[in-house]
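The structure is given below, and queries will be raised subsequently.
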Amino acid sequence: MKPLDALGNLLGKEVLVRLKNGMEISGKLKAFDIHINLVLDDAGIKENDVEKKFQTLFLRGDMILYIS
Amino acid sequence: MKPLDALGNLLGKEVLVRLKNGMEISGKLKAFDIHINLVLDDAGIKENDVEKKFQTLFLRGDMILYIS
Amino acid sequence: MKPLDALGNLLGKEVLVRLKNGMEISGKLKAFDIHINLVLDDAGIKENDVEKKFQTLFLRGDMILYIS
Amino acid sequence: MKPLDALGNLLGKEVLVRLKNGMEISGKLKAFDIHINLVLDDAGIKENDVEKKFQTLFLRGDMILYIS
Amino acid sequence: MKPLDALGNLLGKEVLVRLKNGMEISGKLKAFDIHINLVLDDAGIKENDVEKKFQTLFLRGDMILYIS
Amino acid sequence: MKPLDALGNLLGKEVLVRLKNGMEISGKLKAFDIHINLVLDDAGIKENDVEKKFQTLFLRGDMILYIS
Amino acid sequence: MKPLDALGNLLGKEVLVRLKNGMEISGKLKAFDIHINLVLDDAGIKENDVEKKFQTLFLRGDMILYIS
């Protein structure tokens, strides 16, 4: 198994994404590519204890620290 | 579906772009490429509570955090 | 249309370039490449409220935030 | 032997991962690729003396300092 | 014309190079490559109002902001 | 001779690795690749005057400043 | 002439290397590659007015600012 296969297992499921700057984003994983660019549905972004909501979010892979 | 397809679905629509430095840019998505370079029409940039307006804006992809 | 086509439309015209470090450079766009390296004619650089003038300026693309 | 072979020897074993920002992550190494992207099972992340637990963690390779 | 052609026009001429960290280097442009690595003859580096002199200087391209 | 040949000459020998963040790591060089990823045996890491010991250490090449 | 040819002319000679973090390293240039990775013999590193000596030093190219 390769790491991208593990991301494939998360498709359609709720994930938590931690960014390198400490921000945390949750949502349903709809798509990813080899750059770890993600598309999340019904995404919520927590920053300084405030949460913003997005129906669909395209997230650039190079700011991602981990995905769970 | 791949993440770039999700960007394709946003062509011609109003998008919100959040940069890695915290700036936010809104506008109508006119073009994008695999580097996530964007062209926005009627773009507005909010920085320190001041908003600047641009008819057409070429935005470098490597500073983008997310697009919604 | 791709983003680089939008840059092509700006050739020969006055552009405003915003750098990642906040500097702003204006000038007539004479050339660009896929790295977004630019050549500007009659360029002016504003930094800390002082403006420097350059007849021709080669600007490295990786420091560019947006072009308008 | 090449460095990636050494990672191969760690598959299925408990590893300690130190990130460039000082965070430490432990878990069972389930997968890796040439970018040093990792998948860890039963992962624990220690940050500011608080530990978070994750059943499966996808970790981006470019933030890794060392693996032991 | 492409940006690298503009650099070609500067060969053998006195140029001013501004680095991303604010340092300024002047000298006669003797060579360049696609990474914008430069060789300058009779180069002078101004840093904190002190100027150092170098007969020949190899300058790494990735620290360059602009060349004029 | 190329720089990687010099690393080859160090295989099986005790080396000192200085990282970009100032940390110093010593150990026996067991493997390296073109990204300067290293594997060190019996490695010791000095950080803030505390030394940690590792039987085998995989070290990411992009944080390395020099090897001696 | 290309910039790497200028480095070739320095082989076997004493060079001064300035790093992006301000450190200065001197030594006899023994080898280099296209990434500007260097091998220096009888190298001396000046940092905070203290000088360390190394018989042979492998120096990663991406931290180099200039070579003279």
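Order of writing sets the labels: A, B, C, D, E, F and G. Residues in every chain begin at 1.
Methods note: a residue touches a chain if its C-beta (ideal position, glycine included) is under 8 Å from a C-beta of that chain, and two chains touch if they have at least 3 such contacts.
From a predicted model like this one, the values you see are computed outputs, not experimental measurements.
Listed by label, the chains touching subunit B and subunit E alike are C.
These two copies of the sequence, subunit D and subunit E, are related by a rotation of 155 degrees on CA atoms, to the nearest 5.
Mean C-alpha positions place subunit A and subunit D at a centre distance of 19 Å.
Between subunit C and subunit D, the centres computed from C-alpha atoms are 42 Å apart. Residue numbers of subunit D whose C-beta contacts span two or more other chains: 62.
Remark: ring traversal beginning at subunit A, heading first to subunit D, gives the chain order A, D, F, G, E, C, B.
The residues of subunit A lying in touch with subunit B in their complex are 19, 21, 25, 30-33, 37-39, 43, 45, 54-60, 62-63. On the side of subunit C, the complex with subunit B involves touching residues 1-7, 10, 20, 36, 61-62, 64-68.
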